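Heads up, the next two complexes both have subunit A, just with different partners, subunit B and then subunit C.
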Partner chain A sequence: MIPSIEKNRSRGNILILTSLLAWLIVIGLVVGMSFASLFAIQLAAQSMANEIAMAAAQALNDSDREGHMNNLISRNRQLVFAARETHDLAANECPSLRLLAEQLLEETRDGARDLERERRNLLEVAQKEATINGQQSFERLKSHTNLNLPWLQTGVARMTNFSLGFVDGVETNVATPTGLPVLTKFDRDRGYARKKSNLYRANLNARLPGADADLDFNLASLAAPVKAFASQSHLMSTGDFKGQAISHLPSAVKVQLVVSVATKIGAQTKNAVSVTACAAGSGAMDDRITQAL
Partner chain B sequence: MQQVQSGEVSPSVRRRLRNKGSAIAEFAPALCILICGVMLPLLDLGFIPIRYAVAYVMVNSKINQLALAKSAGNARQALEWDSGWKARLAGCGIQVKKSDLSIVVTDRSNQQHRFRAGQKGVIPGDLLPNPDPEKPRLVYRLEISTSLEISPLFTMRGQGVPGLTSPVPVGITALANWENLAGDPETGEFYINE
Partner chain C sequence: MNKVKRIVAPLLVALTSLSTVQTPVPTFAATQDFEYDWIVDIKTTELKDYFKYKGAAFRDISKARVSYYAGRASEKDKATPYQDLYYGGRKPLGLERYSPLDKIEYGDNVAIRIHHESLRKSASASDSMSDAEAWAAANAAMRVMLDANLRKASVLVVIVPARSFRLIQDGFGQQRFLPVADGGADGAGSTQAAGAETGAVQIRMVSDSDALMSQILSYQ
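Entry: the complex of A and B
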């Protein structure tokens, strides 16, 4: 029957056209959804990295311990400097007090060594606590990026970088002493302190002159309070993060996460989405506030 | 058998054949009309929301990045100097005509105070961060206002129909929480007010 054959042929054409169009629509939808899923995964990973960085950063200057340590080191340094001046004065002008002055000087020097040991302990504790906090947050969140769709598979996030450092351009929270003009002049001449703010420069070993040059006075970078307002933990730009040698107290964290992305449709491809987040720990509190507390 | 013996085709068969022939003949212009009159304009128009979504995501991403800057001045500088995001948007058929940054301070009564970002000392003292726990906490956000022109898939020179043959002007505003509430010890001013 000729008419029925022609009818069937026409129907076949429509079927081919429809299925082609349907495939095109399906492919378009899959590509669109893949991009949307990738974007969602990237956002989820970024949010996760931010949370991990913040959790770790909050542990760094917990209860203003780094601010206190910087203040203690600076005051101890002034004490050693003053004790040395007294010792030299007693030796030259009052020999009967020489022994007492020597004893006082030795005590302050011992105090400086103890303080340096304590600073190293604090460094270890702060690093450990920040790492544990970061790791705990990571363990809690890492599966949030796991997605298994027929056209897209994303894996569990991996933490490829966790480093501690400081914020570029942030000096210490400690100002040069006003009661010891000779020491202040020495610090300025040596370039230890900023001229305008009088704050010691970040991550500095402010060695004393003369016989006390063997003592370490390591001052770490920490945001100083301004108008009695202490800086809060906050996210920051990755460009402002500076990694540092392990000898100084850290005040910022950098976290890098990598999420694997794969598709099995057509050619098998594998790639990775990488995100980075940085966070600064809280700054030093105002001395008047810490004293009141 | 519908054919008559003389070899002529019966009227009913002829009518059907004529109909089929006309359907084939009409198919090409109909397809042209469908493609040119419906499909292409729809595709052309369909690019506007897709590009709007791209612009929205990129503007939001930009403001989130700027809100991490050290100071409001740095954020403004980064916006003005970094032409990469504008080039990326231009690559997607979106022209950035104007962009501006503001600091939005929301007080306790939910009233919003808007200041030009990056202008030193523009935020008055009572709206700056305060260490006094009895004073209300204020919310600081960075806002970007952009004027964009989103092109459809096909554009024509000169005056055209916005959305079909010429770009559509749109405005996108996005906000992100300002992160760094610390102060600059060199100037004694808050970074948000520098």
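Entry: the complex of A and C
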């Protein structure tokens, strides 16, 4: 009799062990699938954030408008500087030409004010168009993260951050002038330009000396062309993105998306997956080429 | 008979081809160049859609490329680039200086020549300046004249394309250079010399192809 009881006990143990193992396998599968789903959701959200950032970044320097603006601001600065030099020379050495020199200087200064006004207009347009492009992409893609599985529920993505800025370490696309040595020396002494590249530093108000110091010449960060080739819009590391005050033309975008994640198996838990993407707009083109087009 | 044909035929061909070769006839504009020490060339172009966004105040930009060359030696091929000037909506917007005007010296006679260049592939001879471009050309000429005069050189004349004569004259007019005397009169003198006589700065504008088309403008 005793061996039979022993036999039944071992059979009961195997049953318990088998059911336990089955449960463990089921739980393992659920956990595995949950992690896989979470990973897939994070990938989907990241890809969505990338697409939104790229769509917005492409609008920033559309048709090289920011590159053109930087170039024209630098040329405007040269014009004011040269007109002031001519005016001072005429006043000292040729009084009969003073009035004409004064007229030319005044209209040049007027032009500088108009150009600064237009730069602000472009800033507004670029910000608006980038935001609209980003928003439209977001609206089109936001439901792609919505998932409702028995073990995992994910919500519609939310855009928690959309900011414009520039790429750390990228100066302006404009080099110091070659035909006005006094101005070039002034720029070098003031540290306005990089010594090696001669490019003006990023997001700089390159004010002139003396009587024209009241005028603004805001030069924005923008990748300069390399051997006449402009850099294209591209995704970039989030660590290289620098947010900026709204006074300078932006050249990069940062987007942050959050997707809510919940499970009802066992204890109800809620959490969120957060992803960030950064993209740089296209760089400036070679102005000699764009003028010839 | 065949021998004669063989000799005469190539001769006839050579004579015919010689008669069809056109010998270059110097134009009125080219002959003018020899009268001056320096010719300052202002070539205007319109950069269409330079700024291409909604509400752009300066959509099209007028560009005036200024270079100069020795007139007497007619060294047009050795032109020295001086500067590029940029205009938008009748406002001077930019300058890119390449080199100083230091070849022009005290007492030199200077002529300013304005012409227009179209960037469009379908550009034809009738493709003339726009109003904004004419204004820009006049302004560029004024700036060059001032620079030359401050080097004590005399700007004797501003030579303009005949078909844009009135437009450029209007451009000068809008910038306070108004007609003072009937054109065509000889001995109008330089801007500086005329200024010394009348106490005003003057410009003598002439056409590049019509000797009778000329006008003296005085700064008011």
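By definition in this document, the second predicted complex is superposed on the first by the 274 of 293 C-alpha atoms of A that agree within 3 Å, B and C clash if a C-alpha of one lies under 4 Å from a C-alpha of the other, contacts with A are read in each partner's own complex, and residues count from 1 in each chain.
Here is the rule we use: a residue touches a chain if its C-beta (ideal position, glycine included) is under 8 Å from a C-beta of that chain, and two chains touch if they have at least 3 such contacts.
Please read all numbers here as calculations on a predicted model, not as lab measurements.
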{"item": "Touched partner set for A:R98, first subunit B, second subunit C, both or neither", "value": "neither"}
{"item": "Touched partner set for A:T86, first subunit B, second subunit C, both or neither", "value": "second"}
{"item": "Which of subunit B and subunit C A:R207 touches, first, second, both or neither", "value": "neither"}
{"item": "Partner chain(s) touched by A:A230 [first = subunit B, second = subunit C, both, neither]", "value": "first"}
{"item": "Which of subunit B and subunit C A:R194 touches, first, second, both or neither", "value": "first"}
{"item": "Partner chain(s) touched by A:H144 [first = subunit B, second = subunit C, both, neither]", "value": "neither"}
{"item": "If touched residues of subunit A are counted for subunit B and for subunit C, the larger one", "value": "C"}
{"item": "Sites on subunit A touched by subunit C in the complex", "value": "62-63, 65, 68-69, 71-72, 74-76, 78-79, 82, 86, 89-90, 93-94, 96-97, 99-101, 103-104, 107-108, 110-111, 114-115, 117-118, 121-122, 125, 129, 177-180, 291-292"}
{"item": "Interface residues, subunit A side, partner subunit B - complex", "value": "3, 6, 39, 167, 169, 171, 194, 196-197, 199, 223-232, 234-237, 240, 280, 283, 286, 289"}
{"item": "In the complex with subunit A, residue positions of subunit B that touch it", "value": "16, 20, 57, 65, 68-70, 128-131, 179-186, 188-190"}
{"item": "Interfacial residue positions of subunit C with respect to subunit A in the complex", "value": "47, 49-58, 61, 63, 83-86, 89, 91-100, 119, 139, 142-143, 146-147, 149-150, 175-176, 195-196, 199, 201, 219"}
